[in-house]
Structure formats: C-alpha cells, structure tokens
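Shown below is the structure under consideration.
To keep things simple, chains are lettered A, B, C and D as they appear, and every chain counts its residues starting from 1.
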C-alpha cells in the first residue's frame, strides 16, 4: 500500500513539473505558435501522469479504462484545437517568431 | 478536514477573483473566455458541496453551451461599445439612484446578509430524509432524478416549456445564419468529428441511463448531444431542407408535449396532476427522460444557431451578411 | 352532471390547455389562429366550471402528484386564484378576438402572426400556472415563463425601439427574479420548504427572514414597476403591437403583484412589515401623482395609457400600508377589485389605441383632432374604458377606491385621501384632454374601414369594465373564499 | 467557520459583484455575463444552505431546483444574445441607448 502511495506522489509531483513548465511557456514564449507548442505538449504529458497516478489508486478496472479514455480524448481534442488555432493564426497572417 | 477547508478557500477566492476580473476586463473576448473558466471552476465547487448533478449540468450547460452561445454572439456582435444618437441628460433622480444603489445598497445588503448568515445555525434537517423514504415508490433510484421527474415534476414540465418558449422567441426574432464560412473546414476537425460523434452519442446515452441511480440525467445528456450536433454543424453537416419543417419542429417540441400529455393523462385518470401509477412510474420516467433528452439536444443546438430555418412563410434574407462565428 | 363538474380539476386544465395549444400553434403555424381562437373560447368555460367546482367542493389545495407538501408542489384554487383565472380568461378571450383582426392571416404581417399565437398562449398558460401556484420556487418558474413570453412579444414588432425595450425589460426582470430567487433560497435554507402555507406557519421574525423578505419584495416591486423602478414600463408597453400592449398592461404586471399579495398576507404576516408597508405606500402615492402628471404631458396616446398604468400600479401598492388588522379585508379586497377593473379597462384602452393607430396612421394625440366624427365609436369605447381608470361610480375602479378611502379613514391614515382624490382628478384631466382633441370641430378626410374584429371586442370589454361595480358582489365573495383576510368588509356593495 | 457557510457567503459576494456589473456596464454581452454570475451566486446560496451537518451531501431538493434554475437562466441568456445581435444589426450599437423618449414613431 505504501509503495503505491509513494508512486502516486512521485507521479503527481512529476505532473506538477510538466504543468508548471507548460504554463511558464504559455506566459513567457514569444509568439502564438511557441505558446501552443509549450501548452499542448507539456500539459498533455502532465495530464497523462495525473491519470496514471489515479489509475494506480483506483480499485476497479472500469475506472482505469475510463481514465485512459479521458486522457485519450483530451489528447485528440487538444491536438485538434491547437491545430485549428494555429491554422487560423496562419490564415490571419501571424508570422512565426524569428530570433 | 483542515486541508479541505484550505482547498475550499482557495477555490472560492479564485472564483470571486475570476468573476471580478472577467466583469472588469476591458476585452470582452477575454471576459467570455474567463467566464468559461469560471463555469468549470464552479462545477468543481458544486462537487465540493456534494452536488455532482449540478456539477455535471454546470460543466455541460453553464460552461459549455453558454460559452458557445456567448462566443457565437460575440462573433456576430463585435466587442466595441458603440453609441448611436444623442445621449440625453439624465434626470436628477437617475443621477442620484445609480451611486446610491451601487455605493450604498449593494454593499450594505451583502454585509447584512453575510453577518446574519454567520449567526444562522442550520437547524432544519432538509428534505433529504423525506426524499429517501419516498425513493422506493418514485420509480427511480436517484434522489435528484426522483425530485426532478416525480416529486417536483410540475416545475420540470414548466421548465421544459421555458426551453421551448426560448426557442420560439429566438425564431421569432431572426433567421438562422451560418455559423462560419463554409469553405473553411479543417480536415483535422472533420476527422475529430468522425471520431468523437459516436463516442458522444454513447456517452450521452450512458449519462442518461446513469441518471436512474447516480448523478446524470436528461439535461446533462441532452447538453452532451447538443455539443455533438454543434460539432457536426461545424464540420459542415446540414439538415436536409425537407427535414427543416414540421419534422424539426416536432423534434423540438416532443419533450414538452409528451410531458404535457402525461400530465393530462394523469389528471384524467387520477385527479392529481402528474401522479404516476405505481406500476408505471419507472417506465414513464424513462420515456419522459428519453424524449426530453432528444428535445433538449435539438433545442440547445438550435439556440446556438440562433434563428428560424429559412421557409416559405418569411421573406428571403440576404445570406451574404453571414458572419464568422468562431473566433480565435 | 354536478359530479362531473366537481370531479374534474378544472383550474389545472386551465394551465394545461393553453400550454398544449401553444405547442400545437408552434407545430401548425398555418392553423395557429384557429387553435388560438378555440383555446380562447374554451378557457372562459373552464373558468366557469372551475368556479362552480370550487363552490361545490371544500378542498382548495392539492399538490402535484399528491406528494405531501414539504416535498410536493401545492396548487391552489382559492378565491384569489379563481378570480384571477376568471379575469384572465375574460380579458384573454377578448384580446384573442382582437388579435385575430389585428394580425391578418394573410398579408405581410404573416410571420409576426405566426409567432404571436404560440407566444401569447404560452404567456396565458404561464399566467394561469402562476395564479394557482402555492410554492415559492414554482412561482419563480412560472414568473420566468411569463417574462420570457412577454420579452418575445414586445420584440415582435421588430423595430429597433421595440428590440431595445424588450432587451431592457429582459435585464430588469432578470434582476428582479434573481433577487426574488435569492430570498427563496435563504428561506429554503432556513426552513427546508418553499410551500407558502407551511412557511406562513413557521416563519419567525428573525433578521435573516427580514432580509429575505426585503430581497423578494424588492425583486417583485421591480417587476411590477412601482414608481422609481417604473422607468422600463412605458417603453416596453408602447413599443409592442396593440394586443401585446393590452396583455402586458392588463395581465403581466399583475403577475408579480399577485405574488406580492400572497407573500405579504400569507408568508410574512408574522414579520414586522409596518415600515416597509409605509415605504411602499409612499412610493405608491408618488407613483399616482407622477404617473398621472406624466400621462398629462404625453404626446402619444399609447404612452399616455402606459403612464396611466404607472399611476394605477401606485394605487395597487396602497394596499400594503392600509391593511391593518381591522381594515385588512377592505384593503385586500380593494386591491383585488382594482386589479380586475384595471385589467378590463386598460386592455380595452390599449386595444382602442391600437385601432386608432391602425386607422389614423399615428397615435399622436394631436392627430386625433376631429376624430370624434368618423371613428366616434372608438372614442366612445375609450371613454367608457377610461371611466374605470378615473373611478366613475358604477365601475370597479370606483369601488376599489371607495374601499381604499374607507380603509384609510378607519385606520387613521387620512393623508392617503388627498392623494387618491388628486389622482382621480388628474386621471379625469388626461382623459378629458384626449376627448378634447377628438371632438374638436375639424373636418377630416375619410378613414379606412376598420375591421369589425378590431372594433367590437374592445367595446364589450369596456362596457364590462364600466359596469363591473354592479356585478362586483359575486367576484368579491368568490375572492374572499379562502382569503388570508377574515375581518368583515366595511362597506356595502351594490348600487 | 463551516465550509457550507463559506460557500453561502461567497454566493452572496458573487451575487453582489454580478449585480454591480449588471448596473454599471453598458455593453450588452457584459450585462449578460453579469446576470449569469448573479445567477451562479444565487444557486450557490441555494445549494450551500442545503448542506446540513457534516454529511457533506447536499439536499436533493435544492439540487433539483438549481438544475431547473440553470436551464431557465440558459434560456434567458440565449434569448438575450439573439436580441442583442438583432439590435446590433439594426442600429450598429452594442449598448442600449441611454435616452428614453427618442426614436419614437
């Protein structure tokens, strides 16, 4: 029991790091495309770790499947929305940031 | 316990701060986005208060559908504050009433209420016990569903009426316009819709079925379905013209009319409004929830589209003035 | 035969019937006017049957689904509910007939007519459901039903002024109903019930209850357009098509007022309401004078009538300070009587104004010059209906004011006397102004033919309004059955 | 300071913030947002005052009432938005005109 709790705590801490990184990127990156990149990648991973942590804690396989489904749906939706935002930005003539 | 209290405090402070920020923000698009975030956090607050049904409804209806409505409205409205015409001078009374109301009335009322509530110790046990006792004869196994569909079904009937009435009002105001430019559909979105639509239908059915014994039910399920319909509209599906007449109206009205019919039938047979026969209560509630879900889904989606379908009775309107609804 | 009448719950059918008809009118827009007319014919019959059933049976309160009251929703067929149902049925029937002429079935008004019927039937059903409801939360839902239908009906005209008026009305009533709902929430949190009768028994005079009461009363006062909060009413009531103006002034404003009556006399009698009563009385008095003065200086007939409504609402709020122990029944009956009389009279006036607008092309009062000849019938009808607003003797308005004066004298609040009297004089003045223009000796070119559906229904209603005082005994007795007031009415009725 | 009381107080604060914004702001969408916030505050009072004791489970009756209330306020939001869009199309304004008596006829 203690071991699963330890793993959960570890995973949650890890996810926290990813979320922090993603949020930092969202706030600090220079243009829209970079921000999208930071947000989707880091946050999806962070959410994955949270889901994993919850899976370890759950006591029935139905809950595990549901959690997995949630993560997959968020991945798909997040990717599509990021794509749509980037596409619209490109159509509106936003130039990618150059150093 | 202490930890939970800290969580509550953080949640509530965030909610109040969000409400203040979104109402004070100078950019309305930003305000709408913050409002959606506010709705999601509010759903969390409902969970903390032990009201998961309300949380589901808030996430689906409060944040989801209201957010879609606001974004579409903003796309059509524009965010600048325009005046036209001369502004006449305010009378003395009007001049006086605003600061009095805002500066004195609101703070004092809130303060009195807050002070009184802190003294108020909740002595009543609520109606939970009564609901639990009567749950066996209600035809469902979930307290909230029993209250909605049986104990206070008259409220629910009238509320279905309000929904239908809202749609009739919307149709009386405007003709439907496309939500977006037709040539602008991303293949990515189409793919997502193909993937999500079946899942959404399954989830809606699941939420509806779950309402019998756990949080869920017609509203939440209908809201999910209507999100599916909106997604389908976004990737370019349209209702065939021959289905935009009576059959669409039937779909929109079926939830309310079946409820009315059940009310009339129970009134005829038992002299009491909406007193379901004991043996039929379960199946009647199931029937009512099924048709309600279908109607709610159609009504909410139609409300977002925002206007009556083009028909022979009304004048043709200029369709080139279509405004792009989706903003980024 | 009597068995059949007693056994049916007619007052419940009066809510289901218009709601069902509204759905039918939405589904079959081409037949909407027929559906509306049939419903309008059936509802007065149902009202008569409901009254007959109520006089024959003892039970006045049933609950939806027969669930016990803290849980179920109480539906009541007491005097107030029955009287309001009956008046709504009468006024609604005549407005429906008028609307049949106002919205022609063919022609370019078609799309407006198409949506008028379902909206109006929804409003009617909502009003009826509101009158019979004995549950604070159910009252909120029905009030919102009525409000939403009113908003859509105001906007039906489609012009920018109408849309702005509708939107303003929407925000105002949203504000009012949310304040009301907050009060309901606090009451439920304290007593775990929203049933009017149970709450009336349980309520104690705590400060939290006073806060809840203030919130609810403030919200409802906003919705019923008492003086400083009346600013939305003239625009909303004049921008709408004529039958809608009639509905709004005659019925919709009364909805919030009926809830107020129920709250004041049935939920909050245990609370200390004297100060609030005097405040409402003061505002009502200002409303009488201010509304009448504003009516006197209006250029347009419909605005004049709308400001006259503001003044009449002022009279309605005199009930609250006047209802002391010994004068409670007089004041209460006066309020109910005035509601009924005003509903008939004001509906007739708005319909006439609509017809005049239709025929004369404008409802500017100056354009009425010489109208007494060609459209004399209309002017006569207007005068008859105005009789009840002024308070001429055989009208219901006269008896209501008589009761108010009576109550004021008995309870020693003589200062309401000059206000009621000056309100009456001012009302006579603004009506006389209209008549003065109409009977000026000016030759007018011929007017277009008035469809008879727009001519006769208002006449019938205005005659009823004027003669209401002669038949007031029965409605008053009916209203007193199961009323929250018990002391004898200190006046004899009849001519 | 029990959690239920905390939530009730927050509900009243939300109500006041919404009320203030509804009266102050002129843009129609802001007014709509403000009304929605007000409604959320009212619903929070409803639910939080229904939480009794330490059970942590809300009374089902106010939950059902709040569900009804959410749907009703959604209806008003939808109608208000369409009205605002329609008004904007006719006048080009996104606010209600301040003056009362103009634009008659």
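Heads up, the rule we're going with is that a contact is a pair of C-beta atoms (placed from the backbone, for glycine too) under 8 Å apart; a residue touches a chain by one contact, two chains touch by 3 or more.
Only a predicted model underlies this, so the values are computations on that prediction, with no experimental measurement involved.
Peer 1: To reach chain D from chain B by way of touching chains, what is the minimum number of steps?
Peer 2: The fewest steps needed to get from chain B to chain D is 1.
Peer 1: Select, from C-D and B-C, the pair of chains that is joined by more C-beta pairs in contact.
Peer 2: Of the two interfaces, C-D and B-C, more C-beta pairs touch across B-C.
Peer 1: Between chain B and chain C, tell me the centre distance in angstrom, where each centre is the average of that chain's C-alpha atoms.
Peer 2: 31
Peer 1: If you average the Cα atoms of chain C and of chain D to get two centres, how far apart are those centres in Å?
Peer 2: Taking the average C-alpha coordinate of chain C and of chain D, the gap between them is 27 Å.
Peer 1: Just curious, how far off is chain C from chain A if you go by their C-alpha centres, in Å?
Peer 2: The computed centroid separation for chain A versus chain C comes out at 58 Å.
Peer 1: Mind pulling the chain D residues that touch 2 or more other chains?
Peer 2: 8, 12, 15, 19, 28, 48-50, 59, 61, 65, 68, 72, 75-76, 79, 83-84, 86, 91, 97, 100, 103, in rising order.
Peer 1: Scan chain B for residues touching two or more other chains and write them down.
Peer 2: Expected reply: 109, 113, 117, 122, 124-127, 131, 147, 151-152, 155, 159, 162, 165-166, 169, 173.
Peer 1: Determine which chains touch and list them pairwise.
Peer 2: A-B, B-C, B-D, C-D
Peer 1: Mind pulling up the chain B residues that touch chain C in the complex?
Peer 2: Of all residues in chain B, those touching chain C are 93-94, 97, 109, 112-113, 116-117, 119-120, 122, 124-127, 130-131, 134, 147, 150-155, 158-159, 161-162, 164-166, 168-169, 171-173, 246, 249-250, 253, 256-257, 260, 263-264, 267, 270-276, 313-315.
Peer 1: Inside the complex, what are the residues of chain C that reach chain B?
Peer 2: 7-9, 12-13, 16, 19-20, 22-23, 26-27, 29, 62-68, 70-73, 75, 110-112, 114-115, 118-119, 122, 125-126, 129, 137-138, 141-142, 144-145, 148-149, 151-152, 155-156, 186, 189-193, 207-208, 211, 214-215, 228, 231
Peer 1: What does chain A use to touch chain B in their complex?
Peer 2: Its residues touching chain B are 73, 76-77, 80, 83-85, 87-89, 92.
Peer 1: Under the stated contact criterion, what part of chain D meets chain B in this complex?
Peer 2: Those residues of chain D that touch chain B are 1, 3-10, 12-21, 23-30, 32-34, 36-37, 40, 43-44, 47-53, 55-61, 63-68, 70-72, 74-79, 81-86, 88, 91-95, 97-103.
Peer 1: Touching residues of chain C toward chain D in the complex: what are they?
Peer 2: It is residues 71, 137, 140-141, 144, 148, 151-152, 155, 159-161, 163-164, 166-168, 170-171, 174-175, 178, 181-182, 185-186, 188-190, 192, 231, 234-235, 238, 300, 303, 362 of chain C that touch chain D.
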